[in-house]
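Chain IDs A, B, C and D follow the sequence of writing; residue 1 opens each chain.
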């Protein structure tokens, strides 16, 4: 059982200035920005906001015309009960976007290495050497789960590596929409790798929506074709251990990642590398090597810092409350606890 | 153009979903989006079915190894669809329904579709599920080895919880002085299991969930800002 | 004939002999199923003797069968259910054979389950979404007339759901190279809504709530019987451990800070906490998995073979 | 150091592990070796409450599970119903899962039909128990019957009007119940019964749930939940208590399905512990071999 803390020693700086010179190990992952869509991020934001405003004006009049006409009460456009949560959402999104923008302008950011991601190329390389196929499972849920989307984003990076080495990549899917998206991703990756003929539609196919029907088929395939590398990235449930044990039985290198906390123990126990929760979402940004996407990781870290500060502050106030509880007010009611300022104001939730 | 429009669609509907959450008149739009997704996914499943047929038909026509099994798949697929869509064996359940050939629930007990579910689908699926008991054992044997500190922690907690789960936990109270008359013996490992569950398991999951939430925010923003378009494929 | 083949042949023949003995010599038989006939509209049991004489055509049309025990005087032997139990039992054995290695029996079960389950979901979605949602909204009259007689007569058509139908159909554009690019629109719609919905959902449920429930007093006092308060050390230790564990794990997930020095040490504690939690979660799941296996084996040995006499 | 045994163990085929697991689960089933459990406080509380309630109290039995979760919940449903019948309480069966209907029917058949249908005080349908059947509408259905049962369901599962049943006289809503006992496999289930019926109407509620669901329900105990019976282990605990209090006939194995599954659990857990210990023994032996004979 290898775990990424192992490789924490071999650290590596990925900075924007480094990008041009190109660190060897990261360079192969780099995914150049071929199209600058709408120029800068701020421009994008403005365009999007304008689009949303247009939509906002058009949609209610179309959809809810009846309800609006019926109601005698004035329409409340903003739920004031959710103000605190709206501000929090805005703050987190803004931090992430600002970091993205700073990264794009060339501010260097350090990103720690994630062993599972560094091992991806090695896994693809090993499959090439052994002349065996690669298996990629983007989870068993539909594309309405963000885990699946994250898995597909990693798929495009893996497919690009596989296309460069010309190693067959099998992507069985459990949902039809995921199959469509996976085909788009692999086709694009093949094109980006300069091998459009690498893309073979038959290798990305739908099996069945049923969890264990899908697993039965994938495990049968693994037994027969003996893939050298298996990637399980997406949303998984009970079948996680099933897939990982089947891969282990055929001796494949296995890299797994999921945000389903209940399944992480099984992947950790049975796979060579595991991306824990958030690392799955960071993976595609990391693999893309784009400055803007790496900047987002920094933005996420500010969110975590905020979480740590809130927890420490809240715990201190709660402890204070516990040691010397507040008295009663003039009407004889208990005064609110001090920690309520954090729990019920800042973290009110929606 | 082929890519700008989809990215715009994604950005607009995505932002709308966020704004709708805070705006009462738009709140139904979120519900509607979920509903619409179900319909889109349902229509897409027919594409999946078509793909399944093509995949296996190709195997059969190429006489690939194991093409006979592809034939079995196709036959069972066709039979299930026919039995289910034609509601074979379904009878109307009330007087007013008798006139209608298509009435009655499609999964009615005793119907053909029910038989397929009960005697083909459910046994295979639940047996696949039951195989996990074997894999749990083999994974534990292989992976829980004291290679480093992390693995030692993993294995020791697993052992503690495994002992604490069944009545065998009572052996741990043998090492304690006998309890006073009439009181149940104190079982330290049961308390320890409960403590681990309430503290470390909760804390570990909480931290992972906090991280995931931020990861989701960043991933969503990547989509809404059009930074990552891999799911939309390449430009032709 | 090598050793392995011989072993399996002996096992197979032994199994067949056991089955033959069990089905011929025991009173219970193997997997025998009995049913009673019930009129679906009234819920009354139809005695087996009655069907020849006084049943009108309409009544026969609404007969359903419910499981019954063999001793029930109204029970009749059911071919479909008995054969079903046998098929289910054999398929169960086929799947279990995968544990030994991939073989023809497993491949057979695998091909059946892929075909059946794909068909199952298509049929389910057809009735539950296309008919019960789409058709019902687009044309309630047609739905009531043809499929769903319980639809209220005053149901109004809702044409808005034509949009997802069109979007869904655009998925098929991929099959035509000229307009293949249009096939991305439904994807964009789905991924876009996912992104928007999940952003809020995760921030609210996971980020805000989890932080909130981590805000705990590090020192807890509990009221004593005499009215004073004393230190509840058990709860205090628990709270301190939770808070420290959460903070160290969150530190472990830091991407943009090198894991050395103080951050390195804290994140090392974080990885220990994660490992403890994984070990415990693994062991806590074992019980559920064993229950599933127990159920399956009870099906084989009790429902089918009748070997376990409870 | 050469050790043929260690070499063999190092290359141990995992099929031997599979075989040992199969034996560990199969032999207790075939030999009918069961296992008792020491009752835990949340289970004891429910048991004591059913004991404490005076004879003829009204108990709402909500059976919200399906065949896939029946492994854990059906034995629970049986013991809850048995215990209530022993105390001669009035039972109102209901489910908010469409798949729960056959579960109610088989529970009634197995308990009332087999043990309490005859004798000097037989359980009579409509007098001592009623099957209200399936209520559509998930959580909404719960809040509906907590305000007016007849509005949610004017007839019982057999189509008889509720007003014709003696057991329903004086019963308007959930408020008239003395206890709600729920066997819950997920959503909608225990959590919704607590939120929409028990807490607003101030009716005590106890839930029997699957192991997976227990983490979700634990926060409600003991404030909003009177008792909580968790997974197969909870089912065994309840059966153990029932057997201790009413040894005839409930100490009998045929009446204790969960007890029989407990034996398999215990042996499988022992095997897992053994495997982990063996795995580490091999690992340490290998290390010793490597250090002594590099």
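Going forward, a contact is a pair of C-beta atoms (placed from the backbone, for glycine too) under 8 Å apart; a residue touches a chain by one contact, two chains touch by 3 or more.
All values derive from a computational prediction rather than experimental measurement.
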item: Chain whose Cα mean lies nearest the overall Cα mean; value: B
item: Pair with more cross-chain C-beta pairs in contact, given A-B and A-C; value: A-B
item: Distance from subunit B to subunit A - Cα centre to Cα centre, in angstrom; value: 18
item: Approximate Å spacing (C-alpha centroids) for the pair subunit A, subunit C; value: 26
item: Euclidean distance of C-alpha centroids - subunit B vs subunit C, Å; value: 8
item: Geometric centre distance via CA averages, subunit D-subunit A, whole Å; value: 38
item: Multi-chain contact residues (two or more partners), subunit C; value: 95, 98-99, 107, 109-110, 113-114, 116-118, 120-121, 160, 171, 184, 186-187, 190-191, 193-195, 198-200, 202-203, 207, 211, 214, 246, 250, 253, 271, 274, 278-279, 281-287, 290, 292-293, 295
item: Residues within subunit A bordering two or more other chains; value: 3, 5, 63, 85, 89, 92-93, 143-144, 146, 149, 176-177, 180-181, 183-184, 207-210, 212-213, 216, 224, 261, 264, 266, 268-269, 276-279, 282, 297, 300, 303-304, 307, 350
item: In subunit B, residues with contacts to at least two other chains; value: 3, 7, 11-12, 15-16, 18, 21, 32, 37, 40-41, 44-49, 52, 66, 109, 121-122, 124-126, 128-129, 131-134, 136, 138, 140, 142, 144-145, 147, 150-151, 154-155, 158-159, 162, 165, 204-205, 208-212, 214, 216-217, 219-221, 223-224, 231-233
item: Chain contact topology (line, ring, star, complete or other); value: other
item: In contact (per the touch rule at the top): chain pairs; value: A-B, A-C, B-C, B-D, C-D
item: Subunit A-touching residues of subunit B, taken from the complex the two chains share; value: 3-4, 7-8, 11-12, 15-16, 18-19, 21-26, 28-29, 32, 37, 40-41, 44-49, 51-52, 55, 58, 66, 121, 124-125, 128-129, 131-132, 135-136, 138-140, 142-145, 147, 150-151, 154, 204-205, 208-212, 214-228, 230-235
item: Footprint of subunit B on subunit C - complex, ascending; value: 40-41, 58, 61-66, 80, 83-85, 87-89, 91-92, 95-96, 98-99, 107-127, 129-130, 133-134, 146-149, 160-161, 163-165, 167-169, 171-172, 180-181, 184-200, 202-203, 205-207, 210-211, 213-214, 238, 241-242, 245-246, 249-250, 252-253, 270-287, 289-290, 292-293, 295-296, 299
item: Complex contacts: residues of subunit C adjacent to subunit A; value: 95, 98, 101-102, 106-107, 109-110, 113-114, 116-118, 120-121, 160, 171, 174, 183-184, 186-187, 190-191, 193-195, 198-200, 202-204, 207-209, 211-212, 214-221, 243, 246-247, 250-251, 253-260, 264, 267-268, 271, 274, 278-279, 281-282, 285
item: Contacting residues of subunit A [partner subunit C, same complex]; value: 3, 5, 8, 11, 63, 85, 88-89, 92-93, 109-112, 143-146, 149, 176-177, 180-181, 183-184, 207-210, 212-213, 216-217, 219-220, 223-224, 261-262, 264-266, 268-269, 276-279, 282, 297-298, 300-301, 303-304, 307-308, 310-312, 314-315, 317-319, 321-323, 339, 342-343, 347-350
item: Contacting residues of subunit A [partner subunit B, same complex]; value: 1, 3, 5, 34-35, 37-38, 41, 44-45, 48-49, 51-52, 55-56, 59-60, 63-64, 67-68, 75-79, 82, 85-86, 89, 92-93, 96-97, 100, 142-144, 146, 149-150, 152-153, 155-157, 175-177, 179-181, 183-185, 187-189, 191-192, 202, 205-213, 215-216, 224, 238, 241-242, 244-245, 248, 259, 261, 264, 266, 268-270, 276-282, 284-285, 288, 290, 292-293, 296-297, 299-300, 303-304, 307, 350
